[in-house]
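Let me begin by presenting the structure, written as structure tokens, before commenting on it.
Each chain carries a letter (A, B and C) given by its place in the written order, and its residues are counted from 1.
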Amino acid sequence: MSGEYDVAVVGGGLLGSAIAWGLGRLGKRVAVLDEGDITKRASRANFALVWVQSKGLGMPAYTVWTVQASQAWGRLASELKQQTGLDVSLQQNGGFHLTLGEDEFGQRTELVKRMHNQTGAADYKMEMLSASEVKKSLPLIGPEVSGGSFCPLDGHVNSLRTFRAFHTGFKAFGIDYFPERPVSAITKSGGEFRLTTPKGELRAAKIVLAAGNANQTLAPMVGLYAPMGPTRGQVVVTERTMPFLPHPLTTIRQTDEGTVMIGDSKEEELDDRALKHSISGVMADRAQKMFPHLARLNVVRSWAGIRVMPQDGFPIYDQSETHPGAFVACCHSGVTLASNHAFEIARMVAQGALEPELVGAFSAGRFGGAGTANNSGY
Amino acid sequence: MFRRSEQDKRPQVQIFVDGAAVAARQGDTVSAALLASSYDVRRSTAVSGAPRLPYCMMGVCFDCLVTIDGVGNRQGCLVPVTEGMQVEIQKGKREIGK
Amino acid sequence: MTMAPKREAYDVVVIGAGPAGLAAAATSAEAGLSTLLLDENIGPGGQVFRAVASTPVTDRNQLGADYWVGADLVQTLRASNAEIIQRATVWSLDRNLDIAVSVGGASAFVKAKRVILATGALERPFPIPGWTLPGVMTAGAAQTMLKSSALVPDGRTVIAGQGPLLWLLAAQILRLGGRIDRILDTTERGNYFAALPHAFAFLTSPYFAKGLSMMREVKAKVQVVSGVTELAASGDGQLASVSYVAGGKRETISADLLLLHQGVVPNVNLAMSAGIEHRWDDLQLCWSPVLDASGNSSIAGIAIAGDGAGIGGANAAVVRGRIAARAAVEALAPAAGAKLPSMAALRADLSKAERGRVFLDTLFRPSPQFRIPSGDTIVCRCEEVTAKDVLDAVAIGATGPNQLKAYRRTGMGPCQGRLCGLTVTELMAQARGKTPQEIGYYRLRAPVKPITLAELAAVPKSEDDIKAVVRG
């Protein structure tokens, strides 16, 4: 893996892949450094929503960023299709968050109200619907559904196929993908970055840290800061069944293959090998209350994954002052934001600077305190 | 494809396969009864619709999936026949609610 | 018999009622330990003693004396105080020895002080072109139908592959009046020489004389083609013909039924999902758990006995079951343990039962072309993924089975990799120039067998569990 690269992207998950693909698309010479077969990969564990509603409470810029991503996803899907022949099954006909019982309905109503009241938030038409209104779109809901919120921008995608499409696209763009090369050290000398991996050193003019929760340890190597607060989520998946669910929900979606994914828990636990069946039980129980027909479907798999989650829940995009050319990107919702990463972040990295008007709010400078002194806040 | 050995003296059990009566024997699994019948009992897969018959008969391959008494995707090789059991050969993906 | 477990906790829970499980449960219960035996099948016996308590095949000579050994094991077990539940599917086992078992559509949860896994073996995948066609089955499948329902092949039948079970099945089919048109022996010629140094042990093992006479019995009635180097099934939606190459010559024969067999491999899904360490076995070409001399695994309290511990055959399985149970008795009730046959005596029994195994493993080591397919041959039957698909994924960066799942969904269907896992590991190892150990295996998790969503929904839950899921 000798040779010089314009950009080395550390992390080959959905986020790193989207940025790398976007850079390749702009004609940059890109290397992607990834881990091996067994590692914590949110790209394999995610729920695959392209989701807008309720995103950005407390940070209007995140709402705007998310809406932009949602709107750009169609272009990403069609470019991937054109390049690789792979249909990532993007569906954006609106999504629901269903509530069970009056308390949940009340809480959701309150949240929708707060979102609407947030100044500067984009209007993405999230609205509360009664159970009978929900039933018009989702005729199979059960009697315990009290209603829910709907947002016409919401959707979902086949995230594994998206992942595969990016990696397939690497070839066409001449991007070098290097698995089994976790980065242990990064230095900058002679105007270029040197990344240490178990299989040798790699040199690049710029680097993008896209290593998920591992950004926390990589970022300080180049004067950046990425405080993370990962959580664990469990997902349950059923066998394939005939299409029955025309819209995705926050916690239930039917994949284009026919399987039904049921999510998701949020736990402090960070061991992704063990599963807590009692938590899966809560998810299963809620799913069968929402759609009683699901009760008889067989669960064929379940897993736990570790969320990539910046400490305050919002994305971090930053560039280093001490090590010009070093960027960090980490966020939850790597599926939803994939289009922005492929088009916007890649473009900014290529030009050498993040644009404050677009992503200034996501600088790690917002965390204050230790470590932020080196952050530009651009 | 298979026939019963004459020494088999087990009592008969009548099951129905897509509505047609099939004579099984007590102790047969659903899959064995289907393979012993003269009917076309090929299912088609949920992925491509390709035809399949049971492969392993010991509960590991899931090629014996069948609807039994209204419940889809049961492993026919693990379920014993009972009198009057209704068996349906599955075509493609299971329907929700079945 | 299909009732939920009577208690919430047991001294010993044995999973699987084949030779190892039957012996382990009997030993444990006889020593006074509260013992639960959970088994997925309709009756006890596992695969080798399938339906031994209910088979309609009443002429004892037809199934052979080795089969009826199982009846004594079942009788001994039933005379003990062990609680036995059939049609009980264990779908979860974890490092705390918590067991989730589905019985009659509802799940029960039991705790054990000791777990003895006796989940046995399954037939090695035999991924040849056309192996998913209706009419292509495993030899074991035919044997299961023969033992439990006295069903024998009727149409034009071809048996292909290698190994002792293949000859036993052929003999049993013929004894019951079934039809076999041809046997295609895929044993590699070179294996005979490789196995030679181990032949003495085999000559003095009980398998030798029996094996030889069975082969003679079969060869007197069926045309046997040896040295088969290529094999394919074809037909339009149904098996129509089998083509093969032997001695450089290709031949195609019409067939209604093709029975495949190239040995058995440990059924690792439950053990792996519990987190038990496994290693690649270069001789047996499969994953085997890392165990001590008493069968204890890398997880305290879980032992593995029988073919799930590495293929050793039925006689060895029985002894391994007794050894694992004795170790559990020693730990939980030392006084009772002292009355059991000594470990030294059991280990002597084991080495006798394992005599000749290396010879068999070497002689019947399946050829690479029957383990590692190419082109359009299906690797993953559930998700219908071909060898070429797997290689394409390797070309864009898949390093192992788990990354391959992300690219191609292999192992993500209901069988959870049981029918493709070994093929995927070996195929990727070959493509990447790595060892199977380096490539690794699917990371497996519960439920290891499907359960309904309603059944999962009925799991007891706490307030904290609900809080972890219900949020705004």
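The rule is short, and it goes like this: a contact is a pair of C-beta atoms (placed from the backbone, for glycine too) under 8 Å apart; a residue touches a chain by one contact, two chains touch by 3 or more.
Owing to the predicted nature of the structure, the values given are computational and were not obtained by experimental measurement.
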Innermost chain by mean C-alpha position: C
Contact-richer chain pair (by C-beta pairs counted) among A-C and A-B: A-C
Relative to chain C, chain with the most remote C-alpha centre: A
Centroid spacing, where centroids are CA-atom means, of chain B and chain C in whole angstrom: 23
Chain A-chain C separation of Cα centroids, rounded to whole Å: 40
Separation of chain A from chain B, taking each centre as the mean of its C-alpha atoms, in whole Å: 44
Per-residue overlap in chain C, given as positions that touch at least 2 other chains: 413-414, 450
Per-residue multi-chain contacts in chain B, two or more chains: 47, 73
Residue list for chain A, restricted to those that touch at least two other chains: 239, 257, 294, 296-298
Chain A-facing residues of chain C, complex: 92, 94-95, 100, 275, 393, 396-397, 399-403, 405-409, 412-414, 416, 439-440, 443, 445-447, 450-454, 456-462, 465-466, 468-472
Chain C-facing residues of chain B, complex: 1-10, 25, 27-29, 32-33, 35-36, 42, 45, 47-48, 50-63, 65, 73, 77-78, 80
Chain A - residues contacting chain B, complex: 140, 239-242, 244, 257-258, 293-294, 296-298
Contact footprint of chain C on chain A as seen in their complex: 12, 34, 36-38, 41, 43-44, 54, 104, 107-108, 111, 160, 163-164, 167-168, 170-171, 177, 179-180, 236, 238-239, 257, 262, 264-267, 273-288, 294-304
Of all residues in chain B, those that touch chain A in their complex: 46-47, 71-73, 92-98
